[in-house]
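A, B, C and D label the chains in the order they appear, each numbered from 1.
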């Protein structure tokens, strides 16, 4: 909070200084201020480094653990760097066909994301751009907001029982449908905010210029919101990539097992190697890190849209 | 001095008004179906509504039916709910959920606010990079977060105890005792969800116009005054939203518990989600578990109602 | 134009549905090529699966039947078996299952009665208890109400792993301190007290445990003559023997490594192989193999293995069974081929030996006593000895696994953490189990 | 090229009436300005013509066609938005070419026509830029170009000049007027700026609260306002209003207020007695119609308290007993604040207080 007001107060002080002090005196004061400024900057940066450390250290530690030998693992106190790095855990994890899990996760999360957008974009468009009765739109949007809050475990049991009655447990397409459906409300809610940020004029101009509604959406609206759309897609993908509870109920075999379940599977019961768990955890975090650093701008926008839009 | 330029009546043409009536109020559905345009719009919304019904309406109705029957499908009225009231395990789980929310939500909010203010200050260099680092935990799945922290807390593998030992303190076996396990889980949850608070509050701060600080400074407000009088009122709606979202997130967590304590020691770290999962899948009583689901739903929806209300107010203000 | 738009949307939705349906891989090869049969087995990950996988080529060579093994994560394997029953899934022809799940498997209609359908018999080379545990209804002990039909007790699975939980102790330290291997739990306490030295460098701990697992808890319970239910399914956890077990655990937990009550197998093993722990209870299949693995273990060849200590001098050394058997899925479409596999794995001594060599656990007397195997797996004779006591199995109720996970395990864990005394824990758990069993008939 | 006919147009948003039974005919080739304060329904009317809003009641004809059920693109009208609504991701060229591309115009023709239009509007240099990089005036012209290039039958302009600076606006309104004349296309122009309306329009339709107040040529609107609203709204220095009542005095009808007594012409007095029997009416007089002499004599005296020199002329702010009047004088006026003036009122309007209608 000091930092927020900092600049303004600083200029204020400077103004007072320049009007009341002598020339030499003023230089001294300015130098002191500069030092204070540097000190403040240093402080802020140090705190931020600490925060970054706090954020990243578990990931470093897990990656480290994945290459430690059993002896290193048993060493007290824990070694900060491996003395005898081994890739056994990584070999094991790939022998356990974690690649298949990754492919499953990619397929399920990818398709679910695409389908979710295919369902949600028209709905958000209709809710913001077409002349439906306001009351109706209000009810739909409020409902969507509530559903976005629904804890997945609450719908997991009924959906599981429904799924088992229909005999569609343990199918990739079931997961895809469920992920699509579970995220639709959230996606509509967020997309609605995005659409509301684009002035309706531009689309109307396209209509006036002789475009169809669909054409206006395709040629004008979608290109305009593409960055947001992209970040929402990334967000949905990450949700799906991480989804755990539904998968817990609906995954029965290697052919559907997604990464989070596979990782939990590595938590040893009669197994010996923390390294394997660590390796699995590292694999799961890699795409997240990649996404965070390559798509930073998109991501920050996307993550804040739903509520800040 | 009066300036009597606005003598009335100005409308001047009341004469025309007589023969035009406002359209008769028709039902929402009649209004929707009357125009082709609206029918198209409805067709666009229907898939999402179907999704809504599938994840929302159907499960709630089904849960309602499950509650009224026992595991063999026999109707037993409200027996599942009354049984819940005397179920000490359930009560423990409910209390744990709330207890954790009470600790995690304020700590995350403060942490998030502090970081948001730091990032917004001009001292923070490349904001985009800092932000993308700080929000990484948000994108890590619960189970992975739990697994990572389980390793961090591990008596021999873990890093958490290293600084304690360096300071000459007794290492703490975090997940062994009920109270330290609680603290440990709270730390995991703060790690996992405080970035959400950070992000929301940062977005909120960005809505505060910079010039109000200049105005406040000109008016002679101190930095603290400016913060309390300007910043806080501006980010208040976002603050409320963040509070409720954090509450919902922290109460629904299951993966972190599954991966760290697995509910132990004893049942000290069972929360509602964990209880429901165990009851439906290990103890094989999905019908009874549904009663707990209803409690959780109520909790979420009370929070959710407030959430929507705040958001609604905010939208109207614009 | 509008119509075109609508049609486009409909087409899009259709495409969504279609591609969603095409997403999963084609059905199992068995359906695609009827003459080329593949049987699929679901099993837990780890050595269990390794053994099965190792024998696949040999089986294919001899019978022309392909085998696909799906190793499933441990933590949720039980839940998956339950869900297989619920969904009446025939996706897996054979389920490699733990014996305590028999109630759920039979109750869920997953198991073919092997005696009735294929005339399965008992092999004299296999201990009787290993067949009893897979017979249904249970030949003795409490029988769930739903199964008290007077039907003869018949085999519903064939054992492939004759696992039984055992006791390990550092033989070199025993010799050094002049102790004999512990006969009773009192001996264990005495030895633990003598060797426990947490402040030594390196530290040394008198006792070691998997504090998060219910199975250590149950093993203690059986070995002290306690139990969860009597023969009428009355809860007896809070009787004298039951409370004694929890109290014993309370006393033992004083000698645990710090955080020992949170240990799973991995940490328990880590303490032993780094030479910091004296003794404890453990499953041979994973733990003991690690103890004897010279690459990572400091204690290879220094361990003594035995059935669990007795309640009092002269009392039987009752251990706890953890047999794994092959269940022929009642919903399978390849039952005959699957039975061929069961026969091949179970009734052939050579195959059982090969399986053990591949990392599996024996179930035949002759394999347990195979000198080559004992060379690398020195606990096998003791394990057979434990099997002949005989050991106890976990209660035959669909609720047993849930009770073990949700009540008994947590109770032991709380005692180990010092949050509860043994007495309190057994009283509370007894009450909770009674509530859990209310209205349960299977 | 077509006539636009609006018959009985009524538009409700929920229970709020935005346009109330509007009848309006825009002759082929005319430039009609819809003038009114914000929220008067002028934009809604235009959007109904454009097809962006659905009329609640009433019909709209463009040429012979009733267009109520036609999509915007089927109406062949062009609309220039207040915000310009340029496509930010297109270059200026693409923005202008967009309507042509939608009509599957051959490429060479597109190039030719866009270049022509750009030349006409003097924006050739911006064609390769995206609108975000153009100045406000350039953006405005691009928007105009986009409307012109397709040669629609009707132009609709929604306050197109309100977002550019004052100087440019003066040029642009002449420019638009010139273009409209050259192209001969019917145009409906919406604005709240009465100067814009007066300078550009063939016909002005003054609207208030969803109702058409008066339709007439700029001269009519200024000189013969139909009611006090039109009178007040039109005129850059607003009309002065003096509330009071008509009385017989010395066998002459006078308008008597607290401050002044003003004789009313005979013809008007007769009409007033018919239209406004109770005699309560307000007198309205344009600033330039107030005559004054620097004299202490006469019945209607008032004091100057402020001068507003505009360069070309000077506005005198005159006050008497709480009533404020504005009058106009030459730039080189000798009158100073504090001077007392003797006023006379010759050309004025009377408005019935009950209905607001002008008495004539």
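Some notes on this structure:
We adopt the following convention: contacts are C-beta pairs under 8 Å (C-beta built on N, C-alpha and C of every residue); 3 or more make two chains touch, one makes a residue touch a chain.
Just so we're clear, the structure is a prediction, and the values are computed from it rather than from any experiment.
The most distant chain from subunit A, with centres taken as the mean of CA atoms, is D. Between the interfaces A-D and B-C, more contacting C-beta pairs are found at B-C. Look at where the CA atoms of subunit B average out and do the same for subunit D: the two points lie 52 Å apart. Annotation: 40 Å between the Cα-based centres of subunit B and subunit C.
Computed centre separation for the pair subunit A/subunit B is 15 angstrom, with centres defined by C-alpha atoms.
Touching of two or more other chains is recorded for residues 1-2, 5, 9, 75, 79, 270 of subunit C.
Residue positions of subunit B with contacts to 2 or more other chains are 35, 37, 40, 44, 47, 154, 156, 258, 281. Shown for subunit D are the residues in touch with two or more other chains, namely 54, 71. By the touch criterion given at the top, residues 28, 31-32, 35, 37-38, 40-42, 44-45, 47-49, 51-52, 54-56, 58-59, 62-63, 66, 114-115, 117-125, 128-145, 147-152, 154, 156-159, 161-162, 165, 191, 195, 199-200, 202-207, 213-214, 216-218, 222-224, 226-227, 231, 238, 241, 245, 248, 251-252, 254-255, 258-259, 273, 276-277, 280-281, 286, 289-290, 293, 296-297, 300-301, 303-305, 307-308, 311-312 of subunit B touch subunit A in their complex. For subunit B in complex with subunit C, the touching residues are 36, 40, 43-44, 47, 70, 87-89, 154-156, 171, 173-178, 258, 261-268, 278-279, 281-284. Interface residues of subunit C facing subunit B in the complex, by the touch rule stated above, are 2, 5-6, 9, 13, 75, 78-79, 82, 104, 211-212, 257-262, 267, 270, 398-399, 401-403, 405-406, 409-411, 413-414, 416-420, 432, 435-436, 439. Subunit C contributes residues 1-2, 4-5, 8-9, 12, 16, 19-25, 42, 44-47, 70-76, 79-80, 83-84, 86-89, 91-92, 202, 213, 264-266, 269-271, 273-274, 283, 285-287, 290, 296 to its touches with subunit A in the complex. Considering their complex, residues 1-9, 11-12, 40-41, 43-45, 47-48, 51-52, 54-59, 61-62, 65, 73-78, 80, 119-120, 122-123, 125-127, 130-133, 135-136, 140, 142-147, 149-155, 157-159, 161-162, 180-182, 184-185, 188, 238, 241-245, 248-249, 260, 263-264, 267, 274, 277-278, 280-281, 284-285, 288-289, 291-293, 296-297, 299-300, 303-304, 307-308 of subunit A touch subunit B.
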